[in-house]
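Pasting a structure here, questions to come.
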Amino acid sequence: MLEIENLNVIFGTGEHAIRAVNNASFFIKTGDSFGLVGESGSGKSTILTCVSGLNRIWSGQIRVNGKIQDYKRNRQFFSQVQIVFQDPYGSLHPRFTVDQTLKEPLIIHKMGDYNQRISRVLEEVGLGNQFRFRFPHQLSGGQRQRVAIARALILEPKLLLLDEPTSALDVSIQAEVLNLLKQVQYERNLTYLLVSHNLAVVSHMCNDIAVMNRGCIVEKLNKKQLQHEDLSHSYTKQLLTASKGFDRQIIDAFKDFDMDESESNLV
Amino acid sequence: MSYGVKQKYHAMQAWFLTDTPASAFQAKAGHVYTRLLVFKSNQLAILGLLIVVMLLVTALFAPLIAPYDPLATDLANRLQPLSSEHWFGTDEMGRDIFSRIIWGARLTLYVVGLVAIIAAPVGILVGTIAGYHGGWLDTVLMRITDIFLAFPKLILALAFVAALGPGIENAIIAISITSWPPYARIARAETITIRNSVFIDAIRVQGAGPLRIVIRHIMPLCLSSLIVRVTLDMAGIILTAAGLGFLGLGAQPPSPEWGAMTSSGRSYILDHWWLITMPGLAIFVVSLAFNLLGDGLREVLDPKGEN
Amino acid sequence: MTTQNADTPLLEVADLNITFPSPKGDTQALHHVSFSMGRQKLGIVGESGSGKSITGRAILKLLPSTAKIDAKKIVFNGIDIQNATEKEMRQVRGRQIAMVMQDPKYSLNPVMKVGDQIAEAFLTHTRASRKLARDATITMLKAVRIRNPERVYHLYPHEVSGGMGQRIMIAMMLIPKPKLLIADEPTSALDVTVQLQVMAILDDLVTDRGMGLIFISHDLNLVASFCDQVIIMYGGRIMEICEAKTLHNSTHPYTKGLINCLPDITQSIDFLPTLERDEVWLKD
């Protein structure tokens, strides 16, 4: 479904250039769930912006459903690939009702039958009709994220890009939204590319995982390997340990995978 | 209020303020209603609104309200002070000043309305396109805007009117030409902030083209600050029109344009103060009213205050 | 001066209720919150809206003036916080009780060197020369494990990373040697490895100085592994107070529900159990 080959993204020029993504390559089979996990600055979100077409400055090859993608995307691409953003508060237009937000993509893609489609997708994400004409400020975080998911689904895409979809949500709401994402995936046979810094979320949602650090994919593994702690790269091991909570002895043994703090850094 | 009426009022309020609107119309209506409630609490703004409404009513019903024909001269009765027959006295041609002010309201509204309709859309279009596109288009458009902004408004308007010839239509065109740059600036600044928002990214990934994004998604968000700015500018527009009229370049005599009236009243200021004071007061009151209204609207429409 | 023997708790809060007026009527943000702590690490865990942050601020009386505080007792180190005047509170804030918040980007003055800010915190509470303040600052920067304190002193907040910024905040807050530190989501904006390193620094400082620490967070696992005692809050009420070690065996339905809905690497399940909110929890 999705093939990334030697993707490179460099921001800035000259001595201030930052290599945000360094020769990343991976592929996702149709119907699979793939996770990109890493901390901030690892490049995982940048890869997502390249795939979605929001970022047009990259080198390498991106192939979606067999078709090689150019820097610019067309409408047909967007009917196949959609994205759910991290921030439920920012990803909805503040002056549009839920109905208008869901109608926009239908109008752009000239898909008729607005009423039915909107009703159906709202039901699918667990929002009743009483939410249809609310404004974003009248919705809770979880509800807004459900609207964002509905918006992504309404064009009937095949590949869904998920950028930290639950990082801004409470733990109990996160569980509901993750369950919804799984359910939708089964019902529609979607392919997922999930980006997150939370190893537990990625391991729950994805079968195949790539670990990123400072722009490079340091390890690729599957869920079973993660559960059996069958890891090769030390960074992955450190990430896994860190996810288990506070353990004094282990922390003292942490290696600094970030730049040496004796150089000031702009992060 | 009787119980039945009170009930209906509460039901109506509930309909507006409901958490679960059942239609797009109800949602929008409720939104407007909550905004109105905020506006209501600002008494000065209400005062401003009332005066503006009075201006509208006066202009609309001028033929019915004005006791005399504003153009009818009566040289025997020239320069009469305030009296029960002539509430604001008469001018140097014996015309009733009160009637002239009433009919002048039409001209004032004409100027202010047309300038707003011409300048604001031009400004918002230039600003949003420059802000969204960026790059060379932004630079070109903004330098053009800067050129217009470099001149003092009145001087520039004067230059245009001098080129086009005197008359109220030309004055309107001249004032519009000098009014749009600040709107472009505001629209551009807002656009630059908005275009980096996540919801704009979201609509780009939905496949929307730049034109749709600018018109449907960005412009509505710029509208609030623009409406406030235009309302506050109305005062300045009235004064510029009055200034042009004062210099004889706006409405031509015997038009009862307030600015022209103050100009011709100058020579009589010592002994017949009402010739210049009355139209002057009218200009002052209406300008103040627009200022107060604009301030009140800013409180209501401020998008940051929405949460 | 008040005396305090080893038995009296450092902080005692009894029956704290806080109400905020609003156009739709008063909303009660805290209901009958009671707890006490000694020189230990106390964690307060809850989701958004649970009241955990408000509790922290109430101890420092940093709530908006419209808030109505009604409690049987708020006593810190022998000082009656509830009836203290604003002047008395100014002696408490910073010097006796300090607070570290979530994002150092917003808490540090962007136009002042970080070293100067820490020195200023020192000088606010101690009469000393500038040189002494600078020396104390360097010592403090070393204590939060910054490797090049002389160099970092002259940096501006935008030139330091998140983890370093938070360490600078901690240095600034601890230089007046307070007895209690309230940390409100101090590591939530940081990467997970940096998070733990910063917490290790907090751990050391708190233990070395015999301070009390209130650690407010939404992250149950983190709090359970770091703190000695944990308070779980929901809807402005305390659901449960328990030892951190026994948190995962808790029988309270809210705590259990919250723990269960966390994704677990060791489990392979399709759907996560969700929290069934029971209205009974919100009854007094």
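A, B and C are the chain letters, set down in written order, and residue numbers restart from 1 in every chain.
Operating definition for what follows: a residue touches a chain if its C-beta (ideal position, glycine included) is under 8 Å from a C-beta of that chain, and two chains touch if they have at least 3 such contacts.
Quantities reported herein were computed from a predicted structural model and do not represent experimental measurements.
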Could you name the chain whose CA centroid falls nearest to the centroid of all protein CA atoms?
-> A
Which chain is most remote from chain A in terms of Cα centres?
-> B
Per the C-alpha centroid definition, the whole-Å distance linking chain A and chain C comes out as 32
Cα centroid separation, chain A vs chain B, in Å, comes to 47
Centroid spacing, where centroids are CA-atom means, of chain B and chain C in whole angstrom | 52
List of chain B residues in touch with chain A within their complex | 19-24, 26-27, 31, 197-199, 201-208, 212, 216-217, 220-221, 303, 306-307
Touching residues (chain side chain A, partner chain C) in the complex | 39-40, 141, 170-172, 174-176, 178-179, 182-183, 197-201, 203-205, 223, 226-227, 238-240, 242-248, 251-252, 254, 257-258, 261-262, 264-267
Of all residues in chain C, those that touch chain A in their complex = 47-48, 146-148, 151, 155, 158-162, 164, 191-197, 199-200, 203, 218, 220-222, 224-226, 257-258, 261-275
Contact set on chain A toward chain B in their complex | 52-54, 74-75, 78-79, 82-83, 85, 87, 90-95, 97, 99-100, 104-105, 108-109, 129-131, 133-135, 137-138, 148, 151, 155
